[in-house]
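Two complexes come next, and they have one chain in common, chain A, joined by chain B in the first and chain C in the second.
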Partner chain A sequence: MRFFEYESREIVKREGIPVTDFGFVTSADEAREVAERIGGPTVIKSQVLTGGRMKAGGVQFADTPEEAAKHAEDILKLEINGHMPRGVLVDPKAAVKQEYYAGVVWDGIRKKPVMLFSDMGGIDIEEVAEKHPDHVGRGHLSNLMDPPEFRAKEVIAQTGVTGRQLQRLTPILAQLARVFVKYDMTLAEINPLVELEDGTFVALDAHMDMENEARPRQKAILKDLGVGDEETREAREATPFEIAGEEVDAMDHRGVAGNVTEFDGNLGLVIGAGGGSLTLFDAVRKYGGEPANYCEIGGNPSVAKACGLAKLVLSKPGVDKIAVMMSIVSNTRVDIVARGVIKACLELGFDPAEKIAIFRIPGAWEDEGYKILEKYGVEYCDRSVSMHEAAKRAVEKIQGVAA
Partner chain B sequence: MSILLNENTTFIVQGITGREAVNLTKECLEYGKGAKVVGGVTPGRKGREVHGVPVFDTVAQAVEHHGGPIDGSVVTVPPAFTKDAVFEAIENGIKLIVIVTERIPRADVAQMVELADRHGARIIGPNCLGAIVPDVIKMGGIGGPAKDAAKAYSPGFVGVMSRSGGMTTEISSTLTAAGLGQSTAVSIGGDAIIGSTYTELMPLFEADEETQAIVIYTEPGGRMEAELANWVTENNSRLPIVAFMAGKFMDEMPGMSFGHAGTIVEGKADTATEKIARLREAGIAVAEEIAEIPGLVKELVGEKVAS
Partner chain C sequence: MNTVAENLFIDVKVDAAVAADPAVAKKLVEACPVDIFAAKDDGTLDIVTKNLDECVLCNLCVDAAPAGTVDVIKLYE
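Then we have the complex of A and B:
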């Protein structure tokens, strides 16, 4: 999950990395107050979880508190890449002598965090790495020891930085690595990290991403920052349909019947498991089908949950039929899913034979499942029909090509 | 032969008294020649039995009861306790650890992997179903109950590796139906950081005389496929590889995760399109549909025999 800039800066601040005397506000009046307190030129920055805010006009400079208030008012109304800002950050305009980049990310191949440093800060690190590889230092960290200062020093020294700058930057990069580890981040970045004209070093911008799986054990910091459990901070906000899918999955603790994503097609999908859903969604599209949704069933959900998910999909406006398909199941029971989806049709007053375009779930308890499907006249197939063939059949039926 | 496991492999189940673990133990005992599940561990449950397998409080007690080193462990404890359980297994000399548990923060996984490396131990998973040597042994929930696993898996010369547990079985079943058996099938796990990547298992398949071809199931997200493409280019592997890529639709939806925790498009290199190009450049055949896999395997193995 992504943090806003003001949250990321708050995190580095509380861990002892120097920042400017910024203020996060949600109104023009508050922006004026912060600018008055700062007492000099300020920068007003939109707080959105998307890139490109500078280009979009989400960053403005102000010489007076009145100007700061005016910019804040404008920026608070400015949508950037479909995101409305959470608020604005009012920051003293810094007298910058030199910009640096400091970051820590995971290296999934080496399975270790890697520290990155550049003496060309303020721009995208990937661009620097491509055009000026000698200006980027790198160093991996052991997972079994506290990030050591010497490693940070080595990484900075790779770029040719020495003297007082090296001495002052080393503890900041090492501390950033400790922040990365302590808070289960997948990305911790200070860009730019600057040396001011007066010789002090401050983080002028910060970007942090926390791993979702770690949220249960990071409750304390999330609470301090005011991040609620319901805030998923996904690339886009959940739709009411997707939230209803979460509710279905939360009905009981048996298995999964959820992970719903909304699309705008007419073929409802009740599919699984993880890899099976990815394969089947592609398969439907390959044959010209238009899915109404993505979802995942797995881990042997209850009849009630399978039914709840099927009902949700069947009730979605524009859905003509559903396709119930999975890769071969070994834990989830075929008969339980069959019962669930038939029950959903009946409770909504639909004929299962009409509404279920195809049922393709082979595996555990399949004979029992197929018996139930036969009774209701639902078209089904076993493992001899591939996932792609089943998807194709569903598409043909919904397009009226096949009876 | 096979990789990782054989008919003499001994293992324990950590968290054996959990509902899923009880089923898994039964499945393993009943499959093939019957796995040697020599013990189980659940703190505070010493003295119980699960399908005839003795339960202990500690891994050390299980090792002592066995009277010698134990080869492997299937770890099924909740995410908050997994790291400690895996450390316990490693420190007690266990060399093959299958982690079934999902939703473990990657910092924990990385610590387990680094400790395992220092002890010469190997981790499969997390978020995986384990490994199977058809008709011989299975370690983990892979393939499900013995009779279902027997339906999908058959012995033969194809090595299978998959980021999805379910798709390991779907692909193996498709191979079996086409008369192609498997030497060993490994569910490697769906997380961003896993104990053994395709590339890390390739040398084992390479050294296994029975294996003549490799099939992999892949997804968007991460650099594992690029790593494999590099390895294939740099090492003159004798094994032809057929890959299947799921989740092509995700290329249009950067920043969103589908299917597995490790499956998210964060940069261009993570996309299905980019990965397919990299794999093909390295000479790896990429199937458009699962049903094409057996034909491609036969073609590539036939070419090798002919040349």
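Then we have the complex of A and C:
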């Protein structure tokens, strides 16, 4: 889940990273009051969960409190990429000497957080990494141990920063890494992290994403920030396909058959069980497959629910086949899922033997399930075939169709 | 949408005499965890066809009725 800039800055502020004396407001009058308190030129920034604020006119500069109020009034009405602002942030216009980038992101390949630092702040780190790779420092850290400051120093030093700047920036990056771990973040970045003309360092903008599953653990901070349980804060709005997936899952209490995420590939996935869905999704991609979706099925859903999920995936435009796969060994009944996916094929007028690229769910009631699959000619495999091998076979089958 | 049978995998046969007995019908309704059985207005047994494929093969219905009067049939065998 994503945080607004004003929330991200509040988090870094409470964790001891210096920030400017900003104020979050929801009206022009409040913006004027904050600007008066600041007592100098200000920056008025739209608080939206989308990029491109500057280009859309969502960031304006003001020399007086009246000007700040006028900009706030305009920005509060300004829709950016389909998002209306939550409010505006009124920030002192800083006298910047040098802009830096400091970030910590989750490295899904190494399964560890990685610290990132650049002496070219204020622009997208991806752009810097592509055009000026020697200006980006990197270093992994443990998400169990307290991040040591020397690791942060090493990362910063990779960019050629030395001396006083290195000494001042090191505790900020190390503290950002602690914030990342403490709040179960998937992304914590300060961009720009600036050195002001007076030699002090402050975070001028911050962006944070928290692991959605961590919300119950992080109730305290979410409550302090006023983030309600009803706010999903997803990176994008759910698509009709994904909403339909939620409806399938809600059709009865038994098991899970949902948590659908839409992609644009041609191999539909009916996957799940104890993290198996993530492994299987990655395995499909590893072998060159293009998933049409991610989803989760498990915990013994009803036949109707398994059928509903399979029908949803099969009906998605561009889906040529589906792969039905689960973890190493599943407690979910094989025969129930087999009934569901075969029924889905038949009700949509498809031959299950053609449409199901592979069925690999080893586990409870598998002998019964295999009888059903055999009757309908569906290729299946048991636990002697690894998840990766099953994914590979599905990809090969669908690539045969494409060829 | 193709028209396929509501029950592709499971069928249940109940002896006519048992189906007509409200007392046994009540037992079957209570026993089935996936609502395959329902009672008609007059208390006799109704089989809910759309729920047949939800059968988890628990055999509780077989145990609830007099021996040999309820038969759970796997259509895929």
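Just a few scattered comments:
The rule is short, and it goes like this: the second predicted complex is superposed on the first by the 237 of 403 C-alpha atoms of A that agree within 3 Å, B and C clash if a C-alpha of one lies under 4 Å from a C-alpha of the other, contacts with A are read in each partner's own complex, and residues count from 1 in each chain.
As a convention for this text, a residue touches a chain if its C-beta (ideal position, glycine included) is under 8 Å from a C-beta of that chain, and two chains touch if they have at least 3 such contacts.
A quick note: this is a predicted structure, and the numbers were derived from the prediction, not measured.
By the touch criterion stated above, A:Ile372 is placed in contact with chain C alone, chain B being left untouched.
More residues of chain A lie in contact with B than with the other chain of the pair chain B and chain C. By the touch criterion defined above, A:Ile336 reaches chain C but does not reach chain B.
Contact with chain B, but none with chain C, is seen for A:Trp106 once the two complexes are overlaid on the shared chain.
On chain A, the patch touched by chain B and the patch touched by chain C do not overlap at any residue. Listed in rising order, the residues of chain A touching chain B in the complex are 106, 108-109, 111-113, 126, 142-144, 181, 184, 186, 211-214, 216-217, 234-236, 259, 261, 272-279, 281-283, 285-286, 294, 296, 298, 326-331, 362-364, 383-384, 386-389.
Residues 20, 79-80, 103-107, 109-111, 113-115, 129, 141-145, 148-149, 152, 162-167, 169-170, 173-174, 177, 190, 192-193, 197, 217, 219, 222-224, 227, 244, 246-250, 253-256, 258-263, 267, 288-291 of chain B are the ones that touch chain A when the two sit in their complex. In the complex of the two chains, the chain C residues touching chain A come out as 1-2, 4, 8-9, 34, 53-54, 56-57, 74, 76-77.
Contact residues on chain A toward chain C in their complex (touch as defined above): 302-304, 333, 335-336, 339, 342-343, 346-349, 365, 368, 371-372, 375.
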